[in-house]
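Common to both upcoming complexes is chain A, partnered first by chain B, then by chain C.
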Partner chain A sequence: MSEFQRFLAKRLAISILLTLVAVSVIFVVLRLLPGSPFESLVTAGNLSQQQITEIRAMYGLDQPMWRQYLSYLQSILLFQFGYSILRSQPVWGVLAPRLVNTLILLVPALVTTAVLSSLLGMYVGWNRGSKLEKLSIIATTFLRSTPVFITGILFVIIFAYNLELVPAFGMRSISASPEGYVETFASLDFLHHYILPFTVSVLYYSGDFLLLARNGVVEKRGSEFLKLHRAKGLSEMQQLARAGRNSMLPILTYFALRLGMIFQGLILLEVVFGWPGIGRELVLAIQQQDYPLVQAAVFIMALAVIVANLVADVLYAYFDPTVSTSGGGAA
Partner chain B sequence: MSTETKPEAELKKRVEGVAETLRNQFTFLRRDRLAFAGVVIVAAFVFLGLLGPALAPHDPIEHTVRDDTGSMLRLSEPTGAAPFGTTAYGKDVLSQFLAGAQPTFIVGLFGGIGTGALGFLVGLVSGYYGGWVDEVLMRLTDLTFSLPFTPMALLLLTFVTPSVWLMTGIIVAFLWKMPARVVRSEVLSVRERTFVKSARASGASDLRTMLYHVAPNVLPIGFLYTAYGIAWAIAAQASLAFLGFGDPTVTSWGRMLRQVFESGNMRVAWWWVLPPALGIAAITTSVFLIGRAYEEVINPEIQTEQ
Partner chain C sequence: MSLLDITDLTVTYSTDSGTVHAVNDVSFSIDEGVNYGLAGESGSGKSTLAEAVLGLLPSNGSVESGSIEFQGRDLTGLSERERRDVLWEDIAYIPQSAMDSLDPVMSTGAQIRQAIQTHRNVTDDKARARVRELFEIVGLDPDRIDDYPHEFSGGMRQRVTIAMALALEPDLIIADEPTTGLDVIVQDKIIDKILEIQDRMDSSLLLITHEIGVIAETCDELSILYGGKAMEQGSVDNVLVNPTNPYTMGLKNSFPEIEEGDQDPVSIPGSPPNLSESPSACVFKDRCPFATEECEASHPDLVDLPNRNHRSACHHVTKAAQMRRDATDPETWGIPDSHDESDRGEVLLETDGLEKYYEQSQPLLEQLRGNDPNYVRAVDGVSLRVRRSEILGIAGESGCGKSTLGETIALLKQPTGGEFVFDGEPYEHYADGNMREFRRKVQIIFQDPFDSLNPRQTVRQLVGEPLTIHDYRTEERERAIIETLEKVGLTPARKFLDQYPHQLSGGQRQRVAVAKALVLDPDFLICDEPASMLDVSLKVNLLNLLRELADTEDIGIVYISHDLASLVQVSDRLAIMYLGRVIEEGDVESIAAEPKHPYTTSLLAAAPEKDPTVDRDRVLLDGEPPDPVDLPSGCVFAPRCPKAEDECRESEPGLDTVRSGEHRAACYFPDGETPAADDLADDRSGTYGDPEFSSPASGDSASD
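Right, the complex of A and B next:
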């Protein structure tokens, strides 16, 4: 077990280092490239020189670069993201509800697709060469390789504009003004807006899970342990269950990775559906050059990926006996 | 027998070997109907990418379609004058579609090749040399994995004027990690095989062993990921253009979709949406269908089953 702990410690140290580097890259990109939100304010002539100096001091922009970097590092690692320049409210206050909106759309979608597509993948992998296998592969190849905004646009045109089954845009009707999370999410109006983006994300992510599960089962099909199970007289379905269980590991780790990429992956989806999530907020903030908001959003996205990578690696090392370096432990 | 002819014979044998593999793969492609359909679509796309702008009946941005009375035809359904209809700005959709294939093609091709080549090299060197070289290169890939692509690309493109080549560069800079990891793990297993060890034992240099003995055996997976790289690059470029971070001077399929989305005409102007949308969907899907067919050949564990 100490081997595993050493692996864990090393992996953790690497993740921390990566976080630092990622944060620094964000700083460099944001500070060293030209353009500042104050320039537009100054050129618009709305501020006096004194006001400009005051605001610059307030945001610490008059400090030398290294000092800015240190205070930036300190605050961002403590999740103190400061004030949004254009919205004049705390960044966290802007981002937190957006983050919730994104999660409530994507986590259920990802779980649904992981379960359904993996089961389907195992089934078609077992029945290799069937019509269903061909069909599911074409469908999921199309869905996972086409950029998600195109699938989104096509679905909006079909289901929102032509069949008029669901609204095309936003998270709730304009007239609705719910208070609090419960009232927001536990309503028919929300569900009505939810179905289409939910379906598109389920379909978009289905391909990888389906192929992973299928390939896993196909690889296991000819293996010795299944011959034993067949000889024991287990039914087809029971054999499939055992082959499937043994292909779970890549699916599990892939799920962890996907969970980490969730925020960045569906920026496009949120834009197409007008979903008020963190991805759409980032695009808006970039367009308005709202630095604090941008750096916070990118930081959250990067952090999610780093943590997910860590979790995936640890899961793999923990569950897969062939990866462990301690040796001896046979499966 | 003389030592001078030996390398030549060796080389010839190797070339024949490569030709043989290529032949096998073409035969295979013909057998898999899906992959074959993919090849046809890719060929059509290459044709459009090379000749599209020349085929376009009008200039995609300058020319305005007018009716008989001379007034601008806005959002016209497909007619004789404009077979694919017109945009909200009175532009010919067919011309935009044909001209828009080119930037999509350029970014896809060079982005994909760059991704494949860079990733292949990194994976090869990293896997072959191991040790601190491996450690450094793999931590570098970890880093690019942890920098989220879309947000970072958006950030960069905000400050720098986007051009087709800049987009290609950014895409390569973010995507090479995928082939690098896969190629590296392949190299790790090839490196331990007997023929590689015997090459080393018979005095071949590291560089020679790596290039002549290890590289050919991981080349198929390199090609596979180059193909995937092309699809990824096309998707990435279209996505960035759709978000409004594309080259503003060039008509691309992603940009067409941005314009129809921004102008709020998606509800009516299906003729404006469908050509670029289906074009992108068709090309990315085709590349993956071909790639998947190859994967079945390359992955021996799947292959042995029937």
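Right, the complex of A and C next:
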């Protein structure tokens, strides 16, 4: 297994390097942006020049750039994101609940769609040329290519306004004031709010998985090894399972990558459904030039993508017996 | 009662361009314990027939009529479920292409276990034990049952499929070209293994192949298919010794035999029949030299020949003896007999100690440490000479460096050492700005001529392209193209000029590929396995064409192949390669008659014999060639050599170690020479190595 360990070490090193690059890019970009968060406060006459200098000192903004960079690196890599400038609250305290809200919506949606659409994709790939195949491809392609807020609005109009089955907006009803995650999520009220955005995101993600799985199976269908499986007396379903297993790799990889991107939230969806997720929070923070908040959010998102890439690589190497773990390939 | 009874089987495929009548009214039966052969050229319907028996026809194929009775049950009428129970339990299958017949993401052992557990209710442990046993039977290391297919070589994968076929001791094994694409030596070992096991288990075998020689050696009865029709069938001794059908005669003639090296192989000109309609005339009539009006009117029925297990479908069976005599004469088939030994001319190409090493990729850390990389010595000190009008054959197992040598002398790869002289000028001359001239004078024809033709270009464009590139004879372009087409036998040339590759038959396409190489009037031609994908008759056509070109156009040819029989046919001189070295070199006749190096002897002995009456000692050469990176000291062949002595392991024999005239070999104890003192004589004949398939060293933990 030492070859695998070497491979792992290499990938890990690459990931760490990428993280450093990403963190530095965030730092530079944010400093390059014109204006500062205090300007609006100053122009509003709420702060005196004296106070500003003090606050700047408190945030370390009076230090030379490289010192700022170093202390920035140190704290961000230790996950100490500091205080939100505008909310005077620890950044992590602002971000964590939003992130959890996003993940609790999108992770189950992604898992559900990955399983269901892939199975459906394999099935229609096996029964190539069937009506179901055409229908499912058209439907998922449509869902994939229309912006998610249009589907979202459509669903809201139908299910919330016309049928009045579910609420249109938010994560809990306005009257609810739950404490802590358990109380927030373990309730019927939450479920009621959850169903609609969940369904929309399931549909939104379904197309890619369906096509990946279908194409994989179609490609494998005429292969020699399936013929031998058939000759051995395997049933149709067992053969399909082998064809499916042989087309798993791209699906798995794609799943891992998608999982990384979920940390960015689905901004449009969060806006349409008034879901207090991380995507919405980031947009707000950028508007308000809340540096620490933006920094932290972007860092988390970048980190998630990098880790997901790493996981995808490792999964690939692990599940594909033929992949040479020592081989090169793009990082 | 016979085991398998096929009666009037007709199978068709429906395609966009109409129906393909792949198998037409074929009947035969296989008795218990009998080896049955099915031969015929590519497209004759062999695989289709096998797939029909197994119920594995693709979705566009269907059994139109006829019955397939297995142990009294009609297989065509079975439900999907019933058929699954018959498959593998009673009829097992060894597929045509072992390379991709195994599930890449499932360990080989698990695939065999799956076959067992689908049909038998046994525990995992028992099934595993059985798999180990099977691995042992087919000569694989039982400790490797958890390895994945890609960790095995082609020959080993084929053994895995054989192990799988044996798992449930079926009554019938259908083997579809189990050895095509493998080297002669591996092929021979595999066939030997199948026979040995099948003998022990007493099951029947349906062996499909286009190599008549393999059938002659292994089968009791056979059917010869052409255009989906059984042309001749019966016992192997009758059919192959005294064929009565012109097609069988042609097929047999086109199978080159090493002993008759100087006799031109006679091929069947023309291309396979059009299968878009069910046959109304004799399917073979377009290519048959004996065709008459009667043949036009109807396809002949199979008739029993008196007193023998022998049936033939030909309107003229009664004239079989006469036809047989005529069939050996190339002129009967419309092939001009052109065998005038022309004098060989001046030396065109000469290499001395030519080397091509590849650096092995190294881990990053090693590179940082600055360790010297390992080298794969693909070509290791090869000295050759090729004269004008001479064909030099280069033979060897896969991986011995043949292709690298070809590409290096074509200067497609830079030599890493040694001398190279072409047409009196050294390598440096060409590397120094004269490569264009070299590229015109030296042409190379690759493995698969079919793929190398752009389907969207006409023959005129295809053949004319090199002229444009090299600005050669551009003012008389059309003439150059027509001349070349005629040279390669595409006459009348005008007819072909505007055709696209898909409108040509396989043989014609291949000639276009050759024409592309010849249009620049090269002095030197390098052919790398140009015929490996072709069936016998197309192959023979190509060999004859090359021979003719060498004789009439004064060009030198290097022909690279693992197929020793074709090489013996076409070449003037042979060089046998092993692990990047030439280990024997000399005139074809003298090598074929008296091989000196033990490796050559085993290569020659591995080639199958088409005459069923000749008994041949099968060669079972041990193991596979050693790793070219980490070569043994001394003679590189020593680890597999049955005659290796201590002396062999001490220092490497040079090519001049044995020498008689032009014939040289690198061996201390050559074959065919009575050793002075040591008594090696009885080691010479018989089988090499372990008669049981030798398995790779497996240590003590082999059994559990």
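Things worth noting here:
The criterion applied here is as follows: the second predicted complex is superposed on the first by the 323 of 331 C-alpha atoms of A that agree within 3 Å, B and C clash if a C-alpha of one lies under 4 Å from a C-alpha of the other, contacts with A are read in each partner's own complex, and residues count from 1 in each chain.
Basically, contacts are C-beta pairs under 8 Å (C-beta built on N, C-alpha and C of every residue); 3 or more make two chains touch, one makes a residue touch a chain.
On a predicted model such as this, the values are computed, not experimentally measured, just so you know.
Of the two partner chains, chain B is the only one that A:Val294 touches; chain C does not reach it.
In the superposition on chain A, A:Phe169 makes contact with neither chain B nor chain C. Contacts of A:Ala231 after superposition on the shared chain: chain C is touched, whereas chain B is not. In the overlay built on the shared chain, the residue A:Gly222 is in contact with chain B and with chain C. Of the two partner chains placed by superposition, only chain B is touched by A:Ala22; chain C is not. When both complexes are overlaid on chain A, the residue A:Leu282 reaches chain B alone and has no touch with chain C.
When the two complexes are overlaid on their common chain A, residue A:Ser145 makes contact with chain B while staying clear of chain C. Of the two partner chains placed by superposition, A:Phe79 touches none, neither chain B nor chain C. Judged by the touch definition given at the top, the superposed model places A:Tyr318 against neither chain B nor chain C.
Once the two structures are superposed, chain B and chain C can be ranked by residues of chain A touched, with B on top. Taken together, the two complexes place residues 222 of chain A in contact with chain B and also with chain C.
Those residues of chain A lying in contact with chain C across their complex are 6, 10, 222-225, 227-236, 238, 242, 245-246, 248, 319-322, 326. Against chain A, in their complex, chain B makes its touches with residues 34, 139, 142-143, 145-152, 154-156, 158-160, 231, 235, 238-239, 242-244, 257, 261, 266-267, 270, 273, 277, 280-281, 284-285, 287-289, 292, 299, 301-302, 304-306. Residue ranges of chain C in contact with chain A, taken from their complex: 54, 56, 58, 80, 84-89, 92-93, 95-97, 100-107, 114-115, 118-119, 148, 150, 161, 164, 363-364. Against chain B, in their complex, chain A makes its touches with residues 14, 17-19, 21-22, 25-26, 29-30, 33-35, 128-129, 134, 137-138, 141-142, 144-147, 149-151, 153-154, 156-157, 161, 168, 211, 215, 218-219, 221-222, 261, 263-265, 267-268, 271-272, 279, 282-283, 286-287, 289, 294, 297-298, 301-302, 305-306, 309.
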